[in-house]
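In what follows, subunit A forms one complex with subunit B and a second complex with subunit C.
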Partner chain A sequence: MTGWLAKLRRIRALTDKETRQILRDPSSVAIGIVFPIIMILLFGYGLSLDVTRVNVAVVDQDASADSAGLVGAFRLSTYFGVTMVPSLAQATTLVMNRKVDGALLIPSDFTRRLHAGGAELQILVNGTDSNQARIMQSYAQGPVASWSARAGGASAGPVTVVDRMWFNETNNSRYFIVPGLIVMVMTVIGAFLTAMVIAREWERGTLEALFVTPMLPGEFLISKTVPYFGLGTIGFVLCVLAARFLFHVPLRGSLLMLCLAAAVYLLVALGIGLLVSTLVKSQFLASQLVLTLTFLPAMMLSGFIYDLRSMPAVVQWITYALPARYAVSLMQTLYLAGDIGGVVWLNLGILAAMAAALLAATRLATRKQLS
Partner chain B sequence: MTAQAASAALQLDGVGKSFRRETGETVLALDNISFSIGKGGLAALAGPDGAGKTTLLRLLAGLMKADGGTVSVLGIDAAKDPQAIQSRISYMPQQFGLYDDLTVQENLDLYANLHGVTADEKRSEYPRLMEMTGLDPFTARLAGQLSGGMKQKLGLACTLVRSPELLLLDEPTVGVDPLSRRELWEIIHKLIKEGMTVLISTSYLDEAAACQRVLVLNEGKKLAEGPPDEVSRLAQGRTFLAQPPDGTKPRDFQARLLDEPGIIDAVPESGQVRLVSQAAWSKPGTFAGVAVKAMPERFEDGFMILLEQTGGAARTHGQTHQPQEPAIGGTRGDVVVEVRDLCRRFGKFLAVDHVSFSVKRGEIFGLLGPNGAGKTTTFRMLCGLLPASEGTLKIAATDVRQHSASARQHLGYVAQKFSLYGQLTVGENLDFFARAYGLGGGKKRERIAWALDQFKLEPFVRLPSAQLPGGFKQRLAMAAALLHRPEILFLDEPTSGADPFARREFWQRITALAATGVTVIITTHFMPEAEYCDRAAILDSGKVLAQGTPAELRAHAAGASATIEDAFVAIVQEARGKQHEGAPAGAGA
Partner chain C sequence: MLASLLRIVALIRKEFLAVLKDPRSRFIIFLPPLLQCLLFGYAASFDLNSAFYAVLDQDRSSASIALLARLDGSSIFHRQADLRRIEDITTWIDNGRVLLVIQIPQDFQRHLMAGEPAPIQVIADGRNSNTAGTALGYVQTVVDDFNADWRAHHGQPGPTLRVVIRAWYNPNLDSRWSMIPSLIGTLTLMGTLMLTAMSVAREREQGTFDQLLVTPFRPFEIMAGKAVPNLAIGLGQATTILLVAQFWFRIPFVGSFIVLYCGLGLFLMAAVGVGLFVSSIAKTMQQAMLYAFLLVMPFALLSGLATPVSSMPDILQTVMVINPLLYALDLTKRVFLEDAGFAQLGSDFLPLGVIGLCTLAGAAWMFTRRLS
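And now, the complex of A and B:
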């Protein structure tokens, strides 16, 4: 038997063993298949960053035809629900008690100043939910703009404010959450599951027996990578199908690029899991470490939910060290913008370098030695 | 490389290896060890726990590198080319290296494929392995569902999927019942006959005695090397059997003799006491005022002399183990623990199956059996830690199933592996347990002072208990369990992993406690320890197979010189045989 043939047979034997263990362990199947489905449903349906109906209390101190027209514009908007209140104090109370999301004050000199060329409106929002407050602030521009366009039409000429969101015309937050979801699912399958597998062999003493065979460390690592890559692929396919058929997120880039990007990121996640598992040799510690090193940052600091540009500079620098950041950016670009050469290849290149570095480090850390 | 090294199966020259403990101190696991064995035959590594046996085997298997010296296996330098060694030898680690979630067949296939065994070779080898190990009916069973003895045989089969030039076995018989132990040895002897070289580490000295060569290690140092007879011969003319005076229990007699100057070792054996004296005794007939009979020396006797010479035995001597406590109240002979038809189910599995026994005040009662026999489960129910599924359980006339809290005041419990707080010092542990038992003020101080004195823990008061040497952990656990002066003491495998000295010292304490009227219930799978018990029950698969005095138990085996271990094997074999008759083939185990 030639050396290569023997090598392939050993890899095959180890991979078969690993696959059987995955199939017999209900928790791997749960994390590999049930978990992605829960994530898809939870984030896809449960998490929406869109503000659909903002209740505002309106105080009209001017009580003129102009102010009535403005209030009418708010009433017409699908984004606002209007409650008229007589005084500012009452409006403030409603805001404080969270009965309404904000208040609109039309001052008594509104008409006078409008004709003088500089009318002011006051918008009060409850800042405890800053995200919602900011969104509401910007939404309020809509009715105001449409009203002023109509009101000023005769004298100052029609000023049309066209507000258009690029790449996400309907401003549907699902469009950017679902591509990020692929990254989350692969992080969990890749890093979390594999973090356990080498540590488990250390804890149960099986590695000690495997070491005293002709098996080489690289063969052992390949056998740990291949089956989990397969499991990650299942999670990826589930996500892509959900994106297409449940959430109708358009894929602007090519499917081939998407698969390539997913495969590279999956290797990064597997590399992190295997490296941690090899270094700490304890299942409990490995799972804790991977949770804090990959899952939580991927959730918070990757641009999956929170916009990276609104973070403090220091935190932004940290995100450059996180593979999930590049993966989320890559997936969002591929889904919402398309195969934009520069962005895609840059992110893909960084991820590929990370995958190579992690797998190489794991290979170096895996020696057939006990201490 | 010398010609001798090339022809030797393995050779160590001045090998040293040290480790750093987590606490920062350096432990010398192996100190300048030189040892070699030729090709063919059976060699043993013998020594107490912590002697360095596992480290030595791992060096040979190329799993560790020595700090100094050379390790050569089959003529290959283990430091330079461990892979070349690993491709030619087989090694079974202590945990057997099996995958619990793979079947017997899948485990075998995995190792066969890793070793490059061809399909043709498999066809010819597998039937031979199956016949040898008796695993044939279980090929489709998951390894995790095998009994301890079966796992061990499967572990061995996995190392034998191809014929290794050298087989290394690390304590393959620890925690396995005597029956499986014998079966395993039959397999090993068969391999030796076929010309294989086997090196086995063991803390069972009778196993070491059956090998052709033996290396005796203690705390990383080599004490002896050669045929086991050479070690036995150290005890020539120094081994005797003494008959206890009428009315004295063998264990009380043994405890007294062990304190006599000039006696290195004394153990109860078949109702008498076996002695090893410091010097050859020229005047046979009497010794220390008792009639003795000269006996043929054994490996264990020589081993004890070797360890005594290194100063290991000094710690058992010069200590008085006279009862230093006033006797516990109550009449001797009262039944204090009564168990009737006790059952415990875990789902469908009956872990304890209608167990009945009763223990009288001041008795030492043993529960003997292999791992998984139901000893610990029975214990937990007795202590009210686990509810019983069925049956009666009374402790000091209190129904444990109804009033477990009040029953618990009467008992002390030393759990397997000792429940101590590793980061707390010895003093803090004792203080905590004293208060947990409701002791305070002067009473507490008095009991802690007693414990420190009685268990010789004074020098370690300020040491975190995790850093205590093994034997002292056991002492501290026992001290903690005795602070509230319980009437009944439960000990779960207290001597597991203890070296022969710690074992003897432990039993001296137990004997002294029983003399003050404390009732002791103890589990063990080390059969000779049953000789210390007044009565013992043999458990297997949750059932009591036999119970009685050590003499009554021994009577189950044929022959006047039968040991408790022989009796155990006979009893279990008979019970399992019956089970097989009633059940279809392969449904047992």
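And now, the complex of A and C:
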């Protein structure tokens, strides 16, 4: 009984020390509060895959009533800014100098071939930015379809597609980017900051000083985890508030599940930070490793921006080893779809197992250092 | 003059030793960029090559089967299930088992035969609205083909218009062709800026910076001694990625290496400048790391690498004028794919030079101020 009390007292003292250390170092406060705010604002507003206006130079070599109608359809579309140019050479120059995003060419045989079947509208783009080219191609379908519907009604059918995008009816890319952003923020706070702080203690030798005290490795771990968990929670709350009030992303799942998911993922991130810093004991190496192991994968290999389904099978297999993948899937589902048992419990279970494994490994590694 | 040069050379040598002597730090400098280049080269793509879907065919007619056969015939769509009940749609979509559910209503064929519009419903999992949008676009294309054939066979050929896309420099619009050259700048920026920011902060934290200050070195020489090795390491990283791009991903390099390396040199000078500036402000390694990270992250994410710059709010577009990566991405892609020369790249070279000079001068000023 007294043993337990002493243990609790030691943990409290250490946690207290750690908390003060955070509060007195302006850079830790910066990362706990300023960091999430900057990330949310910058990326919440900055990262968007949404529709923007594309400017095109139009060359109408046919100059007929039909071609004029087609140009009119593009003018009417809110997605296109149309500039008429007399020659293809001029249009090419404009594209090459990045004055316009692309060019539309209506060839001189347009009317003739239209009724023979097989008229062409050419979109000329600079393929260096393949994404922009793709966006233009899909935007062009709108005016082309509305023009054909008026011209003959035929291309509007007979089969028509009524599409419905569930969970995101207005096709707003913020809906999937903001939940992913929460994962990014917690990754940075949990893994990056913890790794830096503990590696610094190793570098400066203050950990050795702690190890001559009666403290046990488990207590040490708890005292390190609790304050950073608190810092991560602040970041999480800021994110949730921003998602709700700035970006108006609907939360269709329950707040309770969202908090649970965030807490479990935060433990995983803390576990990585603790383990890496315990193993390498150098701030430079720890920071680079954490960057490589957590931040970059969370950005590129988690479904945050790039969909996992677009990746080759080998890369998809690798992503199964990365916690961010499960966290992003959880957040996107909880925010947009709701408490879908099959998705939520599976991902949550895997994350919990990862957290347990990481913390256990850290404990083991710390014990070895002590002897 | 000569003495000064000799001192700088000695310092450069020392700096190289400090970074490259430790096998672990050699490893951390060259292996991650290599792995990241390979992984992200494959991962960072908006091209959807396969989409799982399920069908709720309530018509079960020859027309509906013909339409579905077209979907299955396009190498992209993979049918996972034939659903029986409307309620199944929710289960399959919610659990993420399929990206799309295609529902063909009962009187589909009757409408078609009667020459009336025959709607089909396509439900997409919009949790990633970008992917869902792409997949819906593909469905539309398949249906358009079906319609064209149907009209041709049933004698109602209206005016037909094909939209043909012709892309200069990247004929197949392979997103890898623009992504992988972009990784050269992105990955080296991360490495170089962090390494530079840490190098001074580490010496300061370990107290060796004070030792350096009592030597005959002038602040400018210390700066040069710190800048050159990091710049060289950055060029080494860039070359590694360039080799992967050419020999692994086989992205055709049509430009001039001289232009590319001049551009990369300027870009890395800007990166080193930013790094030195950060380390002149930071008091500890931790602070240096955090400040560097606080800059690298928005530089990387808001450079046009992941999402188009034109979709960003105007104010962010203005702020990103100071982002060296913005120019480096444009430069590497244009040299790589377009064979752009110095004349066309003035709009990239100039800002990079200005950023480099300003940050280096700023760092030098901060260092001198600290000394006095």
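Just so it is clear, the second predicted complex is superposed on the first by the 340 of 371 C-alpha atoms of A that agree within 3 Å, B and C clash if a C-alpha of one lies under 4 Å from a C-alpha of the other, contacts with A are read in each partner's own complex, and residues count from 1 in each chain.
As a convention for this text, a contact is a pair of C-beta atoms (placed from the backbone, for glycine too) under 8 Å apart; a residue touches a chain by one contact, two chains touch by 3 or more.
Fair warning: this is a prediction, and the values are worked out from it, not measured in the lab.
Ranked by how many residues of subunit A each touches, subunit B and subunit C are led by C.
In the superposed pair of complexes, A:M186 makes contact with neither subunit B nor subunit C. When the two structures are aligned on the shared chain, A:M39 is found in touch with subunit C, with no touch to subunit B. In the superposition on chain A, A:A298 contacts neither subunit B nor subunit C.
Judged by the touch definition given at the top, the superposed model places A:T213 against subunit B, while subunit C stays out of reach.
In the superposition on chain A, A:V56 makes contact with neither subunit B nor subunit C.
Common to the subunit B-facing and subunit C-facing surfaces of subunit A are residues 25. For subunit C in complex with subunit A, the residues that touch the partner chain are 24-25, 28, 32, 35-36, 39-40, 42-51, 67, 93-96, 99, 111-112, 115-133, 136-137, 139-140, 143-144, 146-148, 150-151, 156-171, 173-175, 177-178, 190, 194, 198, 202, 205, 284-287, 289-291, 293-294, 297-298, 300-302, 306-308, 310-313, 316, 333-334, 337-338. Residues of subunit B touching subunit A in their complex: 19, 58, 61-65, 82-83, 86-87, 89-102, 106, 109-111, 113-116, 118, 155, 158-159, 168.
Within the complex, the subunit A residues that touch subunit B are 1, 6, 9-10, 12-14, 16-17, 20-21, 24-25, 204-206, 208-216, 368-371. Considering their complex, residues 25, 27, 30-31, 35, 38-39, 42-43, 45-50, 52, 66, 70, 95, 114-115, 117-138, 140-141, 144, 147-148, 151-169, 171-173, 175-176, 188, 192, 196-197, 200, 203, 280, 282-285, 287-289, 291-292, 295-296, 299-301, 303, 305-307, 309-312, 314-315, 318, 329, 332-333, 336-338, 340, 342-343 of subunit A touch subunit C.
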